[in-house]
Amino acid sequence: GATTASAADKISIMVGGYEKQIYLPAKLAEALGYFKDEGLDVELLNEPAGVDAENEMLAGAVQGVVGFYDHCIDLQAKGKFVESVVQFSQAPGEVELVSSKHPEIKSPADFKGMSLGVTGLGSSTNFLTEYLAVKNGLKLGEFTSVPVGAGNTFIAAMQQDKIQAGMTTEPTITRLLKTGEAAVLIDMRTMEGTKAALGGTYPAASLYMQTEWVDAHKDTVQKLANAFVKTLKFINTHSGAEIAEKMPKDYYVGDQEGYVKALDAGKAMFTADGVMPQGGPETVLTVLSAFKKELQGKQIDLSKTYTTEFVKNVK
Amino acid sequence: MAVEKTAPAIELINVSRRFLSPTGKSLTAIRDFTMTVGRGEFVAVVGPTGCGKSTTLNLVTGLARPSAGEVRVMGAPVKGIDPRIGFVFQTDALFPWRTVIENVMAGPLFRGKSKAQAQASARDWLARVGLARFEQHYPHQLSGGMRKRVALAQTFINGPEILLMDEPFSALDVQTRVLMHEELLRLWSEAKASVVFVTHDLEEAIALADKVYVLTAGPATVKSVYTIDLPRPRVVADIRYEQSFIDYSRTIWADLKEEVETSYARAAA
Amino acid sequence: MTDATVNISTASFRPGTSDAEIEAAAAKAAAHRRHAVIFWRLAILIIFLGLWEIAGRMAWIDPFFYAMPSTIAGRLYEWTTQGTSEGPLWYHLYVTMEESVLGFVTGSVAGIVIGVALGRNRMAADIFSIYIKVINSIPRVVLAPIFIMILGLGLASKVALAFVMVFFVVFHNAFQGVREADRAMIANARILGASDWQLTRSVIVPSAMSWIFASLHVSFGFAIIGAIVGEFVGSRYGIGLLINIAKGSFDAAGMYAAIVIVMVVALGAEYLMTLVESRLAKWRPQPLHETQ
Amino acid sequence: MAVEKTAPAIELINVSRRFLSPTGKSLTAIRDFTMTVGRGEFVAVVGPTGCGKSTTLNLVTGLARPSAGEVRVMGAPVKGIDPRIGFVFQTDALFPWRTVIENVMAGPLFRGKSKAQAQASARDWLARVGLARFEQHYPHQLSGGMRKRVALAQTFINGPEILLMDEPFSALDVQTRVLMHEELLRLWSEAKASVVFVTHDLEEAIALADKVYVLTAGPATVKSVYTIDLPRPRVVADIRYEQSFIDYSRTIWADLKEEVETSYARAAA
Amino acid sequence: MTDATVNISTASFRPGTSDAEIEAAAAKAAAHRRHAVIFWRLAILIIFLGLWEIAGRMAWIDPFFYAMPSTIAGRLYEWTTQGTSEGPLWYHLYVTMEESVLGFVTGSVAGIVIGVALGRNRMAADIFSIYIKVINSIPRVVLAPIFIMILGLGLASKVALAFVMVFFVVFHNAFQGVREADRAMIANARILGASDWQLTRSVIVPSAMSWIFASLHVSFGFAIIGAIVGEFVGSRYGIGLLINIAKGSFDAAGMYAAIVIVMVVALGAEYLMTLVESRLAKWRPQPLHETQ
């Protein structure tokens, strides 16, 4: 049955895809042995399908999830209290790519009548896309978002011109840039790019847990925070190549220098200290509430969606 | 079983059996059929093909229920299958995935005999039907007549109190048939079984039976009953040359001929 | 197989009962049976839903995960009346059905044809069936993206997925069904002058029919699954999409509602298939333990 | 077919047929079997049950191949099934999913006749075997004898040049059998067909055939051949009372008796 | 069914050939046949792989998506020698197999038992089979997270998924197989004194055997699929995990390598099953078109 880790320091964390660079810290922390150093017995589980992870956490199958922060807001709207304890990134790490078949697209304003690739209609890529478009003066319905998943299917969709532009993450970005099948329109892997695009930082990848579990296991969570913050520091102070060194090679066996390039381009998205960036939550809320009808008319207490208590205590 | 010690082995009282024919309306196979088989009695049934003989036997076994009328076995109305009955089917009903001997052993094993016992008596019976050498064959490796003999062994081995046989010897050559007749008579006299024996071979019927029932062309009812009082024990091989025997067969033949002609007349119509 | 051949051997009558009476009685018995069946089916359904609802309200199970019949019904009502956030429900249903039906038809036809062909040709069977069996063990979820790369995001890729769900089940049964065909009958047909093709058409296939149908019964469900798996990976419309969105927004009711729709459709398909089957099987004797 | 106009219909030359028995070693069903059936000849084959009669017929049809020796039909060695041959199987081989009439129509349709034609002659033949009323029945709704008659119609309808019959009438009552005899003889004389007729009924064999082959207990070889010169046309019903007929049956009976006893002796061993 | 009963009726000999000679000839013929089969199987495999490799090298297809036999072999070699980044390959394989086998066994046993039970009881069948058929149409990918919520992330949830993949196929065949059992044989068994249980054990089940096996052949593949689907939705070890990571990191070779492993295992299972089957089917006559 469902296992809730008691006082014992055995914790399971569900990662929304080990090999995804946006979730880099999870595997890296393990690789660097930081969990052990904290005397933690952490089991990382792989679950690329996104939202199933939350359900499994709420059901007590796992204690923590490494995923996008916006789920904390979603869940609060549904009356489930989940908070981000370590904020990995301050930018979504997503990039809006434009198919090289369509150089006419110069800005989101040109999305009119286009099909835009997103990973899934329920996913944050979708809301970000819609937000960008609307922010640039389009109306919903003037463009279509097409769920094409990530990876090969995304590439295929672009090759088949099923989508003229689309939002995705590494390593798909690097692949498409490398083959020259697409060009970057909006780069949200960096603070600056994100600020420019969304008008603020956009906290994305994070470790979040059920609030009551956190309150019940403060010291364990503290140790987790220590480990992850150390990891973030490592990322901050090392080059892509050095980081790649530490990662399991299966993750970049496809194309090594691509992976490193992507890291160098993308590692800026990670916070140095795991602290929730100022104004970040607000940006997310505005983006979401603009399009997610589950959120509209709901009162969201952002302060309950994250805590800096632990990361602040890391010395 | 303890209903009435004296009750006849089989009673069919005004029995009818109808089937839904494909054209939707019901077809009557047996109408107002009445027949009584006493304990230890040997009854032969002859009748035009398709008149309703097998159906009748099915009613006695309890494999089928009458549409009307009543069937009683050993004085008690038939419900479900009665283990005291043995039935040699007209059509092949061996278990193809069992060897000959396993087929013969089936009955005893079902009835809770030990494997050793079952095997022993199976061997014995296979020898009696002349298939000792084919113990390990599977049914599809046997000839038609051999399969039939396996079926006979399969039934005889259970020493049934009531023995129903549907054209059991038709696939056997004359001499093998004679041997089987002797086995049958032995079993019958030893076990004091009551036998209902369906056949198309008048001489066989007369040679074996106490009573010969002649059925009408379908729907089957009893046309006439002949009591054969030839002395027992009978030596089937020779009896056929006795005068009284020949007389019997002449009359029954004539009687039957009528029926078949009517049935043909009707079929033609 | 079916209720087609009414069983008049259950009742017992005094002599001289007219056929009419007997047939009437038979019809009555059959009707009575049918009612009992329907009653129990409903009873089970209601009890199940009832327990579910109560468990939800009593918070024995968390409706957040498992929803409740009432909320599911609500969502269904909403979808049917106002349509879904992604457009009218009927259209999604239509899309999924189009994919499933196409996949089902192509898959079963291919399965039957190849199954029969290999069943008739021992050598070919020995050579190819091994590959068919091995390919069957490839997870369909893995095939999904590959198909999408090859066939694009449109109808084709979903149909292909439904196809691979259906094909193997049908193939195996058709194949075995052919192998089981009665030797005597085959011999007889040949003697009567049947060409290879006539033999296959009028002896092999009919005697493999019940095998084939047995597999078709499972297959339609599988076809739907295939289509939905495809829609998961990437699609603009379809029940799969609805399920995905519902999950994405922690909308358990929505997810179960979508599943209910799938089930209802499957039920309909099942009903049709049974109709066809009972037509084809009207020659069969009733199983013995039903004639008494 | 144009090999030799004069060649006999069927030739079996030193044919042997072996089967792998379950015990692994091979079992010989037929050994050095030689038999010739001339055009238009009517041959009856009798022999102990399980000696190898059906196997022999299977070799002629091409359903099975000899392990050794040669089988020639119309002068040409047998390869595959020959459409000029008609075969009434010993065991039931009707198509259960076809109605009686569809079963009978099968042959003509396979041979490219139009549906109408097929239906017409099927009707005709069903009438001749007395099943006109059962056109729409399915095989499982028929009695054993009725199924056998359907099988007969199914074969006769194709008017085969060579007609092989494996105990075709054993499931029929005496009179129906007589009627069938007449049909068979008619067909034979009309179509000038060559017939091989396996039976266990000596009188039937003698009454119908030009030659009676007596086979040895398995492995089957020809023990003796009797040429029956009773005048034709024969009236089967009466012929059995003629003296010469009775003599024939006495001798053949004796001849056969020997065989059966040896086969039993062997089986017992 | 099988080569068990050697077919000695193909060769034709002069009179007086000794049995020994004939049996030898038969054995020879059989051996020859076997070799031909093996040759063609390999030929097909080699041609297929060859074309794939060439197509890859010639860049007719993009190895980035479809990899090449050589690279796949490379990855396999690497995994077997150095293990995967997630731990030794054998362990992953072990985990997946444990899940599949458990699911396969439980699923087929349940399928057979329930299938036979319902097959024997018409009323129960009419009442329940409808539910079984409808439930069968629920996409397993949707069930996965639900099972994980209920059963946790451990072995149980994966086994459950394999179970639901296997159960329905086996159930349907077992059910139909029971329905097909020959009436005459059942009648005979009853007359011979078989109790209901004996009847089922020694008549119904044996005659449904070939039905059941036909379904088992597909089922093991399905069991593996179920396990892998489960691993997709959350797992620490298993082939499913490997596939997932390979997909996520554009490691086509890795993905196909994992699939190859699955296939090989399925092949082994198939082989074992065929062995068992041919033992059980040794009573069968050879299909007619093979005896001549």
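Letters A, B, C, D and E mark the chains as written, and numbering starts fresh at 1 in each.
The rule is simple: contacts are C-beta pairs under 8 Å (C-beta built on N, C-alpha and C of every residue); 3 or more make two chains touch, one makes a residue touch a chain.
These are the chains along with the protein names UniProt gives them: B, D = ABC transporter ATP-binding protein; C, E = ABC transporter permease.
Quantities reported herein were computed from a predicted structural model and do not represent experimental measurements.
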{"item": "Number of steps on the shortest touching-chain route linking chain B and chain E", "value": "1"}
{"item": "Two chains sharing the most C-beta contacts", "value": "C-E"}
{"item": "Chain B-chain C separation of Cα centroids, rounded to whole Å", "value": "46"}
{"item": "Separation of chain A from chain B, taking each centre as the mean of its C-alpha atoms, in whole Å", "value": "83"}
{"item": "Approximate Å spacing (C-alpha centroids) for the pair chain C, chain E", "value": "21"}
{"item": "Interchain centroid distance [CA atoms averaged], chain A/chain C, Å", "value": "41"}
{"item": "Multi-chain contact sites of chain D, meaning residues that touch two or more partners", "value": "19, 63, 91-92, 99, 138, 141"}
{"item": "In chain E, residues with contacts to at least two other chains", "value": "65, 145, 149, 187, 232, 247, 285, 288"}
{"item": "Residues within chain A bordering two or more other chains", "value": "52, 55, 59, 151-152"}
{"item": "Touching residues on chain D, where the partner in the complex is chain B", "value": "19, 21-23, 46-50, 53-54, 90-92, 99, 127, 130-133, 136-138, 141-146, 149, 166-167, 170-177, 179, 200-202, 253, 256-257, 260-261, 263-264, 266-268"}
{"item": "Contact set on chain A toward chain C in their complex", "value": "50-52, 54-55, 58-59, 74-75, 78-80, 120-123, 144, 146-149, 151-153, 155-157, 160, 162, 292-294"}
{"item": "Chain A to chain E touching residues, read off their complex", "value": "1-3, 12, 14, 17-20, 43-49, 52-53, 55-56, 59, 61-62, 151-152, 171, 175, 248-255, 259"}
{"item": "Residue numbers on chain D that touch chain C, as the complex places them", "value": "61, 63, 81, 83, 85-87, 89, 91-99, 106-107, 110-111, 138, 140-141, 154-155, 158"}
{"item": "Chain C-touching residues of chain E, taken from the complex the two chains share", "value": "1, 33, 36-37, 40-41, 44, 65, 120, 122-123, 126-127, 130-131, 133-142, 145-146, 149, 168-169, 172-173, 175-176, 179-181, 183, 186-187, 210-211, 213-215, 217-218, 220-222, 224-225, 228-229, 232, 240, 243, 247, 255, 259, 262-263, 265-267, 270, 285, 287-290"}
